[in-house]
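Structure record follows, encoded as structure tokens.
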Amino acid sequence: MKFNNRNVSISDKAKIGKNVKIGDNTVIYDNVIIGDNSIISNDCIIGEPLNDYYFKDDYVNPETIIGENALIRSHTILYAGSRFGNNFSTGHRVTIRENSVFGNNCRLGTVTDIQGHVTFGNNCWLHSNVHIGQKSTIGNFVFIYPYVVFTNDPTPPSDVCIGATIGDFSQIAVGTVLLPGTVIGKHCLVGAQSLVGGNYEDYSLILGNPGRKIKDVREMKSRETGKSHYPWPYNFSRGLPWEKEGFDEWKKENGYEND
Amino acid sequence: MKFNNRNVSISDKAKIGKNVKIGDNTVIYDNVIIGDNSIISNDCIIGEPLNDYYFKDDYVNPETIIGENALIRSHTILYAGSRFGNNFSTGHRVTIRENSVFGNNCRLGTVTDIQGHVTFGNNCWLHSNVHIGQKSTIGNFVFIYPYVVFTNDPTPPSDVCIGATIGDFSQIAVGTVLLPGTVIGKHCLVGAQSLVGGNYEDYSLILGNPGRKIKDVREMKSRETGKSHYPWPYNFSRGLPWEKEGFDEWKKENGYEND
Amino acid sequence: MKFNNRNVSISDKAKIGKNVKIGDNTVIYDNVIIGDNSIISNDCIIGEPLNDYYFKDDYVNPETIIGENALIRSHTILYAGSRFGNNFSTGHRVTIRENSVFGNNCRLGTVTDIQGHVTFGNNCWLHSNVHIGQKSTIGNFVFIYPYVVFTNDPTPPSDVCIGATIGDFSQIAVGTVLLPGTVIGKHCLVGAQSLVGGNYEDYSLILGNPGRKIKDVREMKSRETGKSHYPWPYNFSRGLPWEKEGFDEWKKENGYEND
């Protein structure tokens, strides 16, 4: 239904891998490289030129690299000059600006807005309507829920830009704002609608406005089981690399012994 | 201006009612049924195929049913497998996923994002940029204001999915987050930017973080009138079925005697 | 790459200035006037007809005036009946409804949603995903950060509509909600995720839920410099008219002596 080559435009300076599908009304600009077996759905813009394009006659679009097996849903805009690992997927209307780097197996939800100049590890899942400011650094297996905002200017407006840093396996719940320069360790959980600044050690449960470490996530108790759901990788594996062998076994094999 | 049949694509497996207008650049996919006198504006996608479409050769698009007199504004994406009552309207860039059921006279604002597997009664009005998680159940005459988020996972990430339930006539003000499994009675008012969890009885005024019942909405006093604006149907009727006869008369005739 | 006249539609009732570029898939409706040297990128809708268009045979699209040197990024929808000064720019997917008036040098970020019937002065910068309700009045050099919402109905739902008013040079940080009728003076700073109502005098630092004046912004101390960053125009000038001569000199020459 979507792949009829209707109103499609592909630059002859783009390199399209084997078995790639490109949906109707989609545009692929100069110097985009798309890996094998990827799907770019309809109405997408891949390799969106940077601001200079509008004003400089000798503008050259920087390289945009999308790995294998991508699934880019409709109306997504990926700026030129970013790099996406294998199995990258987006919901509808995602916008990602230049100089963004994503590892493998990352997923972004509808309307999510990545401001560029950011780094994500592997297996990060961002839900709908997440906003990531420039200079943010996000580890592996970090999940970010709807309407979370990462900021970077401590005294707006200024020329200072200090992003947040998030450790592996941490979870940032819905509606939370991270203040500039926030550093969150590994395996933390930030509760819904918190306003978080400062440094937080591994395994922190962080809540409130201002966000404070309330306890160790391993001390949380489920009403049903009497045990903590965290570290969550022991209790959730759908779509994750330890799905079959379990987290302990996977950790040993993948250099996460200390996590 | 909008209905020139320019770059329009309509599946021959779609059923289009009488006097339906379909805007330029719009796509209607397989097994969409559109009721008489509906307007689908430009750049819309109706019957967006589900995830399986990308991966299964024998994919069949489930039925999408839109009632009479719809007004779907531009860039809206309605997934296949949902059902919309009569007089359904959307703002621009609305996204509604599969297995969503809407009664009659529902209105959704710009960028609102319905995650699917949800049920809405009649006459629900959602403003701009509302996010409704899966398994939410919303009654009749419920109005939801901008940047409200309905969540469903009590210990993210997990495989548990428990949506919120909202009773008839309740109002959820701007920027509020509803935690998983929240149950709100009838005629409640949830104040702006609240973080709400738990069960709330009919006529509750709910405020704060954590959200608490502050008082009965009928005890609120307006500075101007000295009386409560709530239950609001006595004081607001524009575009509602009791506009002419008044709420008391309408209640008797429509089975809402106890509300 | 963007300006190939592919699937473009321009009303013969539109007036396009000299050296204007119009991107692929863009539509310009009746009675749009675009100033010289403007760029309307791809997939935009300029002069979106008002609601009456769908229902009245004798509908005439009101005039839409865009000044010189505009840069309207892709997927932006500008309703008919609004006026934009010179050097107006938008990010992607901005929506601006009718009867909106913008001065010169205003910039709006991705997905920002202006509900119409609003007034902005000169040099206002709105970041991503800002929501401005009807009847808001915003001065000059006001910057508004992501996920800020301006509301207007004190007792939802009602027919009352009282917008917020913001004085020159004030800054509204990320995730803040302004309640109906809020009046903020000049040179104020509203902190992140605040819930703000009432009247605030010039130079207020406003924080919290409920938002309160904490101190005078001139009394704030930077850890690095020991001095206040505010009034910010003394410490930030990139892209602003006092960039070369400094704020004091510019104030004298431009009638801002008392600011």
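Lettered A, B and C in written order, each chain numbered from 1.
In this section, a residue touches a chain if its C-beta (ideal position, glycine included) is under 8 Å from a C-beta of that chain, and two chains touch if they have at least 3 such contacts.
Everything quoted here is computed from the prediction, not taken from an experiment.
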| query | Nearest 5 degrees, what's the C-alpha rotation angle taking chain A to chain B? | reply | 120
| note | Comparing which residue numbers chain A and chain C contribute to their contact, where sharing over half means same and under half means different, the two sides are different
| Taking each chain's centre as the mean of its CA atoms, how far is chain A from chain C in angstrom? | 28
| Multi-chain contact sites of chain A, meaning residues that touch two or more partners | 7, 25, 43, 75, 93, 111, 129, 147, 175, 193, 209
| said: Taking the touch rule as given, give the residues of chain B at its contact with chain A in the complex, in rising order. | reply: 7, 9, 11, 25, 27, 29-30, 43, 45, 48-49, 53-54, 61, 75, 77, 93, 95, 111, 113, 115, 129, 131, 147, 149, 151, 155-159, 175, 177, 179, 193, 195, 209
| For the chain A and chain B complex, residues of the former touching the latter | 1-2, 4, 6-7, 24-25, 39, 42-43, 71, 74-75, 91-93, 110-111, 125, 128-129, 143, 145-147, 171, 173-175, 189, 192-193, 208-209, 222, 229-230, 232, 235-236, 238
